[in-house]
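Take a look at these structures.
Each of the next two complexes has chain A plus one more chain, namely chain B in the first and chain C in the second.
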Partner chain A sequence: MRAIHAKHRVGRRSLVFPGRPSVLSTFTVAGPMEGQGPLGRAFDTVIPDTFYGERCWEQTESKMLREAIVHCIQAAGAAESDVDVLFTGDLLAQCIAGSYAARDLAVPHFGLYSACASFAEGLIAASAFLEGGFAAHAVVAVSSHHDAAERQFRFPTELGVQRPPTAQWTATLAAAVMLGYPGSPFAGGAGRVRITGATLGEVIDVGVKDPYDMGTAMAPAAVDTLATHFKDFGVPPSYYDVIVTGDLGAVGQRIAADLLESKGLAVKDRFQDCGLLLYDRARQDVHAGGSGAACSAGVFCAHFYRGMMNGSWRRILFAPTGALHSPVSSKQGEAIPAICHAVALEAV
Partner chain B sequence: MSSKVPDDAKSRYARDAARYRPRPPYLRNFLAAFFVGGAICAAGQVLHSAFVAQGLDDVEAGARMAAALIAVGALLTGLGVYDSLGRFAGAGSAIPISGFANSIVAPAMEFAREGYVLGMAAQMFVVAGPVIVYGVLAAFLSAAVRYLVLGTGG
Partner chain C sequence: MRAIHAKHRVGRRSLVFPGRPSVLSTFTVAGPMEGQGPLGRAFDTVIPDTFYGERCWEQTESKMLREAIVHCIQAAGAAESDVDVLFTGDLLAQCIAGSYAARDLAVPHFGLYSACASFAEGLIAASAFLEGGFAAHAVVAVSSHHDAAERQFRFPTELGVQRPPTAQWTATLAAAVMLGYPGSPFAGGAGRVRITGATLGEVIDVGVKDPYDMGTAMAPAAVDTLATHFKDFGVPPSYYDVIVTGDLGAVGQRIAADLLESKGLAVKDRFQDCGLLLYDRARQDVHAGGSGAACSAGVFCAHFYRGMMNGSWRRILFAPTGALHSPVSSKQGEAIPAICHAVALEAV
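On to the complex of A and B.
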């Protein structure tokens, strides 16, 4: 039955996109601290302060997301009316950053939540829409805001608390990508970065309860999805020039690398983490690294997409992870379930 | 229903993952807490002595000293300094009464954006509330024990 009804499916959990949906344009709006990080000059916009003319951080995040979407569409030379579907993801309760950003856009909208894996979830959903013939052009955009996330998940921002070294720093960032088919009238012949396949994540809960140690909670999800990816596609890790996780951080990334190596998957020479690339940990007080829905998306747009466009890398496996707990579930003593979706990209 | 990740695998993972966890810089944290906390307490003692020198009795001087530290803690929170101090000193700046002021002013400032009634006023004690509740309860219980053991009066 599957052969007939799921013809783009391979192995247990993977998808192939034979039409190869491609990235037409990207746009990033970064916070001030991210602007001072190693990728500062690679972001399209860096906002001057964490409020950006708004009266609260939730509205700031929404504004950043809206600007990323609008400028991404403009960068491709398209108009809002050319976008058939918009997928957004953010960390705020009820996903308000995305809904309020889409309020001002005449574009059909889906709000997604996989925490910090939302960008990959959006890329996969948009690719499936394109591949299925339900959209010719789609935009995927995600955002996160450090202060808005702190007050929702942890403590008021002005409270004087000391964080453990495993804690990570939610990035203030918004990033958008526009996807279409090779040969799209937009982006003047860009679209050289193609999405060739994906592996869908399962929710994995290994019993870690400490919300200040999300790298440890998420590492097994990354291992599960990456190992499944290599099995489903029958390729070794060396098939990719880089294997990138989203925000495992210094602790989680080492755990994931060792677990993959112990399964016979040699990833260490090509394993990177967006959370470790976004900040200079020696200079910026971010403990184990960056995190947040837009951490992986911003680093993808500013660093990996550009690197693929200028020939630094040909094939990338992009596998952001998300911690799927809430402040309520944590207080009720629940562990942190995690997910990882993997997206395979190729520059042509 | 059986769990996808069995319990023994979870406990094995917890044990293995613990090896990767960096140790907090305990000595640095202890020293920062000791010196910052000590400095705040010494400042309180200087104020107390100054009030006594002005002719206040011990209890009145103590109350004024506490009010002064609360005011300074609230001011530094409003200026956005106390959270940086707290990140450096941990319990050293959280435990003294100026830290208690920080724990009330920080949510008050932040939740003011959701309105002065349902935001600021309702959320003001979100951090300090448990301290007040269990502080009052502990005071009541110790007073009750004292009453039962020693009887009324002092």
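On to the complex of A and C.
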């Protein structure tokens, strides 16, 4: 039915990146609580308190994001002038964490918004820029801050409102990756983790209205994108060593796993969720798990990227999910639409 | 100094699109006041009142945006399934106009945020997707709604706060363009307006803190991107028949023109601003002019695209500007950073 088929398009919603854009460096700046979690020692920086020398949490978030970007570029041995385009995403209204972080950098800037799926949107957009010949090096960076998000999306933090068990904990984290090609002078020993393909998400709304249960709202979007991915590429879930969702948490991940299995997609033996890896739920009071734009990005950098580099996994399907509501849409009685973009990575 | 130069990169911040992605269709949905302005008869739809059957202006904006997208696809004779990717941008917190508009569409969705420069960011991202072989057809759509923006960024509309002469009027508008190639079965008689290149913006902050004077905040970003464009491409301003900024308004446009002229760039005989074309300032009480994410997009579709199609202009440099603050950043004492992305178009 398609009138014209784009060259690097597979199936209805998927892309292939034949040149295989590669991760050249990563950098993470984690909050104190994230630093005390199971991945604490894997983060590049753990800030001592939630303000980090700033007066407001929004400014803290922007500072964390800026530092992640700057140190990521430095980690690759590159300079700002080597970065052809910077993609940022965050949850703050009007995406101020990214805009204010970019203010201090002499780098072309594109702001993105797919809520907690923004990191995947950025990896896909950056890969398209690299593969299309529009950038030799790109940085993708996202951030979230628990306290800034909490007071924006829910209640003033001082109020201490009780949270139901389905609630998730927005991560205080910033993470940046620099993408290029293995032939880059900045590749060094890196460049072995490559982005081979992606499946673009559609906005899915199943009518969930509870902002304290975003896992349930997002699970159908994850199922839709993952099922489309396997169909578009004609591979079974077992093609990947691990299939990782962004921040479905304990509630949403179980729903997504059940729905995928009911479609005949056997994922359960290799299904992980960044929101469940970031914290120790037995020890840290995060209820259903972590969330936030930087939850999947931080866990990717600190855990999955390192694991791919040291040979633990060869192929990963990385599928961050985003809840696309706002405090205004919730108060106006709207449900919570969601999206999931999936990125396929391979270690060589 | 560049280690690796991307194939379609020119100078420090510019891209060329050798395949020349083309505009296949456009559609605009304008508010009542915009319908009474100088371009009123050029809009495809003018809604009768600012609610348009919805209970809240935010929902009205999302409805306008959805209709612009749907009718733009129809105007090309295409179906949703022909659209490989939809880029949306709006000013509402968490970009809800775009997310809720995309909810009803079975189209892969990428949310963007460059404030009122989002339309340019979308045109550039879509062009990169088309040229890279990642999409055969893409839709770029943006929206803004005066009342939704006013109560979000400034004061409750019911309060009737007096606005200073430097203030601009956020346009109630939604606009969509469908991009493809002239060989597309959906090109019809269109496809003659092509995107030939672009210059990516950096975030520029000159310290302006007054959200009632965004023209002054944004003018330096426009100057930076336009000057970079002429340098990167090695062309003088006279290469273009018209050079169009997005929504600098009367104050910002004068500043930008003076700054460009002081750099030896003679733009004044061909310098226009969408914010000054959308309303009749003598008759409509918009102070310094129009603004909003859809101001530049709506004026592009209703005025410049049509003018290019009918031979009035051959080459246009289209440079929407965005103010990247939020109500929170303003209250926290931050200045207003700005960005400008420029898109070069040519009629054949």
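The criterion applied here is as follows: the second predicted complex is superposed on the first by the 341 of 348 C-alpha atoms of A that agree within 3 Å, B and C clash if a C-alpha of one lies under 4 Å from a C-alpha of the other, contacts with A are read in each partner's own complex, and residues count from 1 in each chain.
Just so we're on the same page, a residue touches a chain if its C-beta (ideal position, glycine included) is under 8 Å from a C-beta of that chain, and two chains touch if they have at least 3 such contacts.
Given the structure is predicted, the values throughout are model-derived calculations rather than measurements.
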Touched partner set for A:7, first chain B, second chain C, both or neither: second
Touching partner for A:111 - first (chain B), second (chain C), both, neither: second
Which of chain B and chain C A:205 touches, first, second, both or neither: both
Which of chain B and chain C A:82 touches, first, second, both or neither: second
First, second, both or neither for A:282, with chain B first and chain C second: neither
Winner by number of chain A residues touched, once chain B and chain C are compared: C
Which of chain B and chain C A:55 touches, first, second, both or neither: both
Touching partner for A:91 - first (chain B), second (chain C), both, neither: second
On chain A, the residue positions that both chain B and chain C contact, one per complex: 55-56, 202, 204-205
Chain A contact footprint on chain B (complex, rising order): 3-5, 7, 9-11, 13-14, 16-17, 20-25, 29, 77, 80, 82-91, 93-94, 99, 102-103, 105-107, 109-111, 113, 126-127
Residues on chain C engaged by chain A in the complex (per definition of touch): 1-9, 12-13, 15, 55-56, 58-59, 78, 81-82, 84-85, 91-96, 98-100, 102-103, 105-115, 121, 125, 128-137, 152, 180-181, 183-186, 200-205, 324-329, 332, 334, 337, 339
Touching residues (chain side chain A, partner chain B) in the complex: 55-56, 151, 155-166, 202, 204-208, 213, 216, 219-220, 250-251, 254-255, 285, 288
